[in-house]
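Note that the chains take the letters A, B, C and D in the order they are written out, and that residue 1 is the start of every chain.
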């Protein structure tokens, strides 16, 4: 779960990091007032849960309070489309108004899970503000990584290695080491997956400054961190995806015309792949999961069809934990609430397949049954009007 | 011979008395799996499904000497269940639990490494050596004893693959779901190595997906080892958008890493037969095997 | 550093453990008042920093407030001599007055450093109140040990193993597991070397109760735990030992007649051993340490001679880090303050030996110089009036 | 050949610019020890005693390739200094620092085990291979090159022993102080094993003391290995009262464990020649060696 920059900075402040003076504005007027208070120039930073804000125009500099008001009124209420948001972009509901500060140098500083090495990693780069992955491809010599494990934590000598690699001035080394200690403890305590301070800066007044911050918490751990779960900004989520989450469904909106309802993430991906293989375009990824209820299936099916881009639908179930009859009942429950005005191809296999098929057949509704995976995909593509 | 489990494997069920565990334990018993005990703290001394229940894995190991444990516990208890089994001397742990926090799993992995324990999962359907033992939640009836080894990051997609193979008359030596999480125990490399020396196995089908580096590591291993058996691979998620998690916590294309295209290229270079159409896993395997003596 | 039972129980209470109702009394009157408040019978427990209080009469039961007053007036102000205190005993300055509670069962529960395995260990025993070491010799089947490392900490499943080994009733297992978690975290956070709850009890009202507690903190870590260092009860220390500690000296009073001043713990022990080997008895162990100053040497020498049991003294220095001349100057400084009315045998060797010897010789004081270790010991024994 | 260090050993000094470290580094240089660099955070780039100073061990290792590091840092920084050296690839760490908290040392020991690093100490005078290299704070001039190996838990008592040996005309192959703390790195067993195969060493003198089980473990090892060289032992603390710490944090008789009498009995049973009078370590070693060809 990503949180906003201003939320991440609140945590950093509690952890003893210096951040530029700033406050949140939800209206252009407030932005102007804050610009006056903080003193111009100020940065206006769109609070959306996606990277690439700068290139997308989501971060603007205002030299006067009036300019701040003007820029803010343009940004607030708009949808920001960055390289990471998809075509619909994300709504800009608030701006962080932040004093622009002169910087001597900018760095990158991050803590992350290294899944390949099955450990944690602290990463710094001598160049900040850029995408660390691109940098590690093009300029690996600017980057230093230190691995540490979640039980032992990041040691002070390791932070010192990072500080000296960055060639921080000596008076900032101790600050950095002390702050990294608390930062890594926070990372562990709060179950983060990724924490980035980018740029971390050496300011003109010789301070160590966290200019931008990004924190991604492990969704699986939110059950033990209710205080974090409360930080979720649902306005940044797709309406359909939000509805899906409420029922424990994994739904992701795509741009095609074939709605998919599948059990299992792998089979759902494969279903998307095969649709494309036969020339179609999937409208979504939808995994109903293993512990699904009839009610959730019903919601899933309704959700699927509530996407107006969907021309045909494909139900692809290989029953294991999930029983075909349960899926069938869920689908019928949805069909009783909404009109089934688009063709639905059904492929059932595995646990209780006969019972599932019987339920759907006896409903009298116009389901189109496929004998196997390939036939199901071909039919769905055909019916979507994009035959091979 | 199969790999990892066979008809003699003595299996413990952690969390046995829970609803899901009870359901799947029954299916395993029906399949012929040699379940010997269960563990549920506070229910020690009870008998459940005819199996003795213990308060701790340690007690179960002392009394019934299981070598394998299958874990059905809530997500926040998952890592401790793995550690407990590892410390008690269990040599193969199969963790079905989905949604274990990532840092918990890093800690659990240190334990399984320290104790030299093989871990399958978490978030896996488990594994099956058809006709011998099923330690998992897959539908047993779609499997047949045979010579194809399967290693998969996915659940239902594995059932699909197995079903296709069985339909084509191809049985399986062992089918292993390695789990869909970012951090799991045994991965393609270790299991390919086990299949390499398994006499029953004539070919291996890998089912990969986007995210992580396990397929790339497998490609490197296959190339370096001069792998002696034919390997086929399907990699799911070609249509996946970068930065979006597709169900599995591990299935995400991060930055430049983990795309299906990259994985497929690397595997193809390593001599792996790439399957483009996931409905033809069975067919292509049959073709490949019939082309060989 | 050991702390008192009542201090340890305060920690336990903060950590969520139940302890019998109790309060501290420093006078017999207070003890009576508390006995009335708590309700008799009560236990009166002498707060001294040593084990074996029970057998030594330091724990008494009072059935009436008057009996409490009478027993308290006898205990308070006395010195309690237990198997662990030595012949002088320790002063009883306060009593813990504690409600006597009916117990169904008593256990032992401890956390400790296992130096041989270089790890931590949690130990429980089905029998409590006894000495765990004796029990582990005689009834090992009553004891269970679980090893854990300081980074990972004690896991809940490990505490469960302990709880089930103790055959705790099911409703107390969860309590035990939760409390052990916090207890082990406390152990790690506060740098303990040993923590014992003995007995841990299952009370008649079905509670898990910490009836007695003992905590030993690592002296080396007190610099980072000022709140712990403040708990030290200096009244429980020998006056000479206390003075020695203030100057960074390792001094331990013994019962012989030959005072020893040595550099290095091993050489100091060997000096004691050789004195005994030749039929003498050391009056003390005294290691001036490696980083010693002239002032500290001077204090050490004065301290040594302030023991009226000392008949002769032996200065045995093998200069390494410690320079012989520094020791000589320190000794002279002390000799200028006190009268040197007992024979002092000096053996110097190693760094700056010539200079050291010269300083002492030129002082005109009647030091007796020995050529080597053996001669020095023989002379000191002879002069102590206990020749071989 | 000596053990652990010789004339070629490249030595790093952690905490070099401190007062104590400076003093002892000078003595080591005078002795001929091949000091190659120092580490003091914040003083990187300086030159001290003619040695380049680095901010981190990692940088020092990259630039000067030391294999050995000697640590002079404050007690609360001791464990991290050990970890830093271990992680940087140093193969022998000698930790002079006294007063490192016990739990810190447990953590540091896990690191040295993980990295396969030999640790001497903490709270040790270090070690010396006379005539070749001194990595410690012992007075160098009392040593002579020769054939007696020394392993000691004590500091000044070791100087005493060495002095006696040298006075008797017996030189030393390597003299190692293993440190007086409850948790230290190499102990009697590991060092006896090194001396066993060291051609230069003809006999080993062990100097033990009360507390712990290191002497008992050594007795077990000597018995089990059929140790081929004569071993003598003096165990300090026969007059020590139980439950009282005699200077060294490790020198304490806890309960029934660790008394000098027990240790002596065990060592004698294992064929070790026991020295009762600590003033006769040299004499008894000379007698024993002259009785052998």
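A few notes on this one:
Here is the rule we use: a residue touches a chain if its C-beta (ideal position, glycine included) is under 8 Å from a C-beta of that chain, and two chains touch if they have at least 3 such contacts.
Everything numeric here is computed off the predicted structure, so don't read it as measured data.
In terms of the stated touch criterion, the partners common to subunit A and subunit D are C, listed by label. Taking the mean of the C-alpha atoms as each chain's centre, subunit C and subunit D sit 28 Å apart. Once the centre of each chain is set as its mean CA position, subunit A and subunit C turn out to be 57 Å apart.
For the pair subunit B and subunit D, the distance between C-alpha centroids works out to 50 Å. Shown for subunit D are the residues in touch with two or more other chains, namely 107. For subunit C, the set of residues that touch two or more other chains comprises 149, 151-152.
Contact topology of the protein chains: irregular, matching none of line, ring, star or complete. Listed by label, the pairs of touching chains are A-B, A-C, A-D, B-C, C-D. The touching residues of subunit A, when paired with subunit B in their complex, are 84, 86, 113, 115-116, 118-120, 131, 133-134, 137, 149-151, 188, 191, 193, 218-221, 223-224, 250, 252, 254, 262-270, 272-277, 282, 285, 287, 289-291, 318-321, 349-351, 372-374, 377.
Taken together, the subunit A residues at the contact with subunit D in this complex read 152, 155-158, 160-161, 164, 170, 173. Interface residues of subunit D, counted against subunit C in their complex, comprise 20, 24, 75-76, 98-104, 106-107, 109-110, 125, 137-139, 142, 152-160, 163-164, 180, 182-183, 207, 209-210, 212-213, 217, 234, 236-241, 243-244, 246-251, 254-257, 260, 276-280. Touching subunit A in their complex are the following residues of subunit D: 41-42, 44, 55-59, 80-81, 83-84, 87, 107. On subunit A, the positions that touch subunit C within their shared complex are 149, 151-153.
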